[in-house]
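Both complexes shown next keep chain A, but they swap its partner, so chain B is in the first and chain C is in the second.
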Partner chain A sequence: MDMQTSFRTRLIAEGILFPTGVDGLFGRNGTFEAVYDGLEHAITNFGRGSGAEVMRFPPAMAQTTFEKSGYMKNFPHFAGTVHCFCGDDRAHHALMGQMERGEDWMGKQEPADIVLTPAACYAVYPIVAKRGVLADAGHLVDVASYCFRHEPSLEPTRMQLFRMREYVRIGTPAQVLAFREEWMERGQAFATSLELPFEVDVANDPFFGRAGKLMADSQRMQNLKFELLIPVNDGAGPTACLSFNYHMSYFGDTWDMRTPDGNAAQTACVAFGMERLVLALLRHHGFDLDQWPAGVRETLALR
Partner chain B sequence: MDMQTSFRTRLIAEGILFPTGVDGLFGRNGTFEAVYDGLEHAITNFGRGSGAEVMRFPPAMAQTTFEKSGYMKNFPHFAGTVHCFCGDDRAHHALMGQMERGEDWMGKQEPADIVLTPAACYAVYPIVAKRGVLADAGHLVDVASYCFRHEPSLEPTRMQLFRMREYVRIGTPAQVLAFREEWMERGQAFATSLELPFEVDVANDPFFGRAGKLMADSQRMQNLKFELLIPVNDGAGPTACLSFNYHMSYFGDTWDMRTPDGNAAQTACVAFGMERLVLALLRHHGFDLDQWPAGVRETLALR
Partner chain C sequence: MEQQIRDILAEVGGLVVPVGQVKLDQDLFAAGLTSFATVTVMLALEEAFDLEFPDRLMTRATFGSIATLLAAVTELKGDRVAA
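Let's turn to the complex of A and B:
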């Protein structure tokens, strides 16, 4: 058993994670969720006073919005589409027979018009775009959503369904770059207040296929993505728990969001991987929350 | 415009719900979520001291668990299966062509091994069953999950993805029936403390097809399901916001959960439809939380 398996095994043995029979899909106990609630509180506190508009979304989005986002071009391997049964009594009878005989029945399902959300901020852009030209000050959104990525893994930090909290800035290049600078500082203060070891490094998204390699290289060369990495899984590299992303005008062009000068809006976001942060805290401070450092408990408002 | 449409229109106009382009799929603003958080707090308070084990689950479950639950026999029309792209560069190229030409690409997706969760308690039974014979006192679980039901609707109370909180009792017939009795009282005290008008009535689940009619009649005749109904949508009947369900030994037999006497365990649950309760509160107390009755604000710990 390698050390990485060992952390997962301990999480399961202590009853913090409930395995479901699918890699990367876990239930969570009250201890895990208490830390999660504390993180939500702390992230709100670190963003306080910024006047962010709160948006919360369900775990899926409209197929049309998903298609327009361009996600299938860059990350088709992660997407999860939702399908349903639209048949009558006769079709249902056939379906039950397939299930009883252990045949494939899911392949007979028909596409519904929704797709699991790949990243929280994807739901934000069409809503902001629909409001018309941005104000001079641009816009700031505090968004959260369950997200799905089809990447079954034994690492507990790589869940297929996980919660992402983000602050999303929309505006001029100067506005969004200033936001990203500010949050790269604030994110490090956040990790420090949680007494977690970390490093910040340039990064790339896991673009698909041969063309994806070029996309990833270009993203790195332009310093579009940084990650705050925390060692969580023993015997593996550190885990990206926050990311600081500069999309340039990708979403502004896609959704026709405009700044008052008539240019396509630019966007940037800071994203918090909530389950990863909970696991990082459990890894570094132990499974007994009462024993955590007083400062960490205060940041998380643990009582 | 009928009155029912009007409530939805007001929710959207006031920015409480964000439409996504799909009926029954909404984003929510900070006001909605503040009420949601308050309800979570109140439900925890009403269940306090019962020693319930906390379990929280992601919005999907393992296909094998879903299949064994028997859901597709009774409610195939509501289920949402998750499908993914498993191809190479060449298949991706073909996929992009389909999307560009506006052809069906979702139909080419392949089944993943997960299914959207139809009800929060479905994830609980296999975990409890795996622990072996129940203790003499049986077991009590406090569970929550996003749930999916494929039933696009204009009623804001009928969302396709919504959050369900439940207390689930597992034990002898006497234990689970006493639990249901207790929660039918407690549920009414809960609604009273929220100053919501309600009635409690016998009900049935929306079983599929011709055979489903018999199932529904039988469920009613045996008083297996009660609902706490609150008027929310104008021009429509009241909305089930809580349900009190007695499953007899259905899940005990399915998952081979046993009480110490060797019999199949029985189960019952009280389920809270969280979005419906938020909407009921907004409907009856208005959109300005500061103006809500002091007692309601206290129950919800609104500050």
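Let's turn to the complex of A and C:
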């Protein structure tokens, strides 16, 4: 058994994670959620005074919004769509028979016009765009959502359904770049206050297919994405727990968000992988929260 | 070959300047080529010249100018003939 499996095994043995039979899909116990709640509190504190508009979303978005976002161009392999039974009594009877005989019954499901959210900030842009031209100061949103990515894995740090908290800046290039600069500093102060070892490095998203390599190279060459990485899984590279993303005018063009000068708005976001941060804390400070360093407990307002 | 590349850039490159005015070694990204359009250009080149870009050429640098595209296509066509 390698060490990676071992951390997972210990989490399950200690009753911190409840396996569901599907890789990357877990329930969590009170210890895990206490740390999670502490992180939400700490992230709010680190963003305090910024005047961010709070938006919270269910783990899904409208299919039309998802389609317009362009997600399928780059990440078709991660997307999950919601389908339902929409038939009559006769179809229901047939369905029961298929299930009883162990036949395929999923093929008869029909689209529910709902797609699982791949990243929290995707829900924000159409709402802000609908309000019309941005104010001179641009806009800042504090958003959170469950997110889905179909990438089954044994690493507990790679869950298929996970919670993402983000601060999203929308405005001029200068406003957006200043925001990312500031949060790259703040993110490191955040990790330091949690007494976690980390490094910050340029990164790329896992774009799909052959063309994905070109997209990834482009993203790196332009320094569009940075990650704050924390070692969590032994015997594996460190895990990205925060990311600092600059989208240029991609979402501004897609949703026709405009700054007062008439240009397409630019966007940037800092994203916190909540489960990954909880796991990093459990990894480095142990499973007994009472034994955690006083400073960490204070940052997380534990007790 | 250069004219074919220029035609493809004009059609799918989304440049903000007329492709006829773009010099051989001029920065295509500065001329308005986006990452997303780069992928479309790549697919169009593969179709037009009946070739496949290998991983090592799937870089931003390959698509940086008409000259670098010309060099890549020339090399890949040559590879194919040699094979």
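The rule is short, and it goes like this: the second predicted complex is superposed on the first by the 303 of 303 C-alpha atoms of A that agree within 3 Å, B and C clash if a C-alpha of one lies under 4 Å from a C-alpha of the other, contacts with A are read in each partner's own complex, and residues count from 1 in each chain.
We adopt the following convention: a contact is a pair of C-beta atoms (placed from the backbone, for glycine too) under 8 Å apart; a residue touches a chain by one contact, two chains touch by 3 or more.
Owing to the predicted nature of the structure, the values given are computational and were not obtained by experimental measurement.
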Which of chain B and chain C A:L302 touches, first, second, both or neither: neither
First (chain B), second (chain C), both or neither touched by A:M159: first
Partner chain in contact with A:M221 - chain B first, chain C second, else both or neither: second
Touching partner for A:V200 - first (chain B), second (chain C), both, neither: neither
Touched partner set for A:R210, first chain B, second chain C, both or neither: both
Of chain B and chain C, the chain that contacts the larger number of chain A residues: B
Touching partner for A:K73 - first (chain B), second (chain C), both, neither: both
Contacts of A:M184 with chain B and chain C, given as first, second, both or neither: neither
Residues of chain A that lie at the interface with chain B and also at the interface with chain C: 73, 210-211
Residue ranges of chain C touching chain A (in the complex, touch as defined): 35-36, 38-39, 42-43, 53, 55, 58-61, 63
Residue ranges of chain A touching chain C (in the complex, touch as defined): 73, 210-211, 213-215, 217-219, 221-222
Chain A partner contacts - residues on chain B that touch it in the complex: 18, 20-22, 25-30, 32-33, 53-65, 67, 72-73, 76-77, 79-89, 92, 95-96, 99, 104-107, 109-116, 123, 126-127, 146, 148, 150, 159-162, 208-211
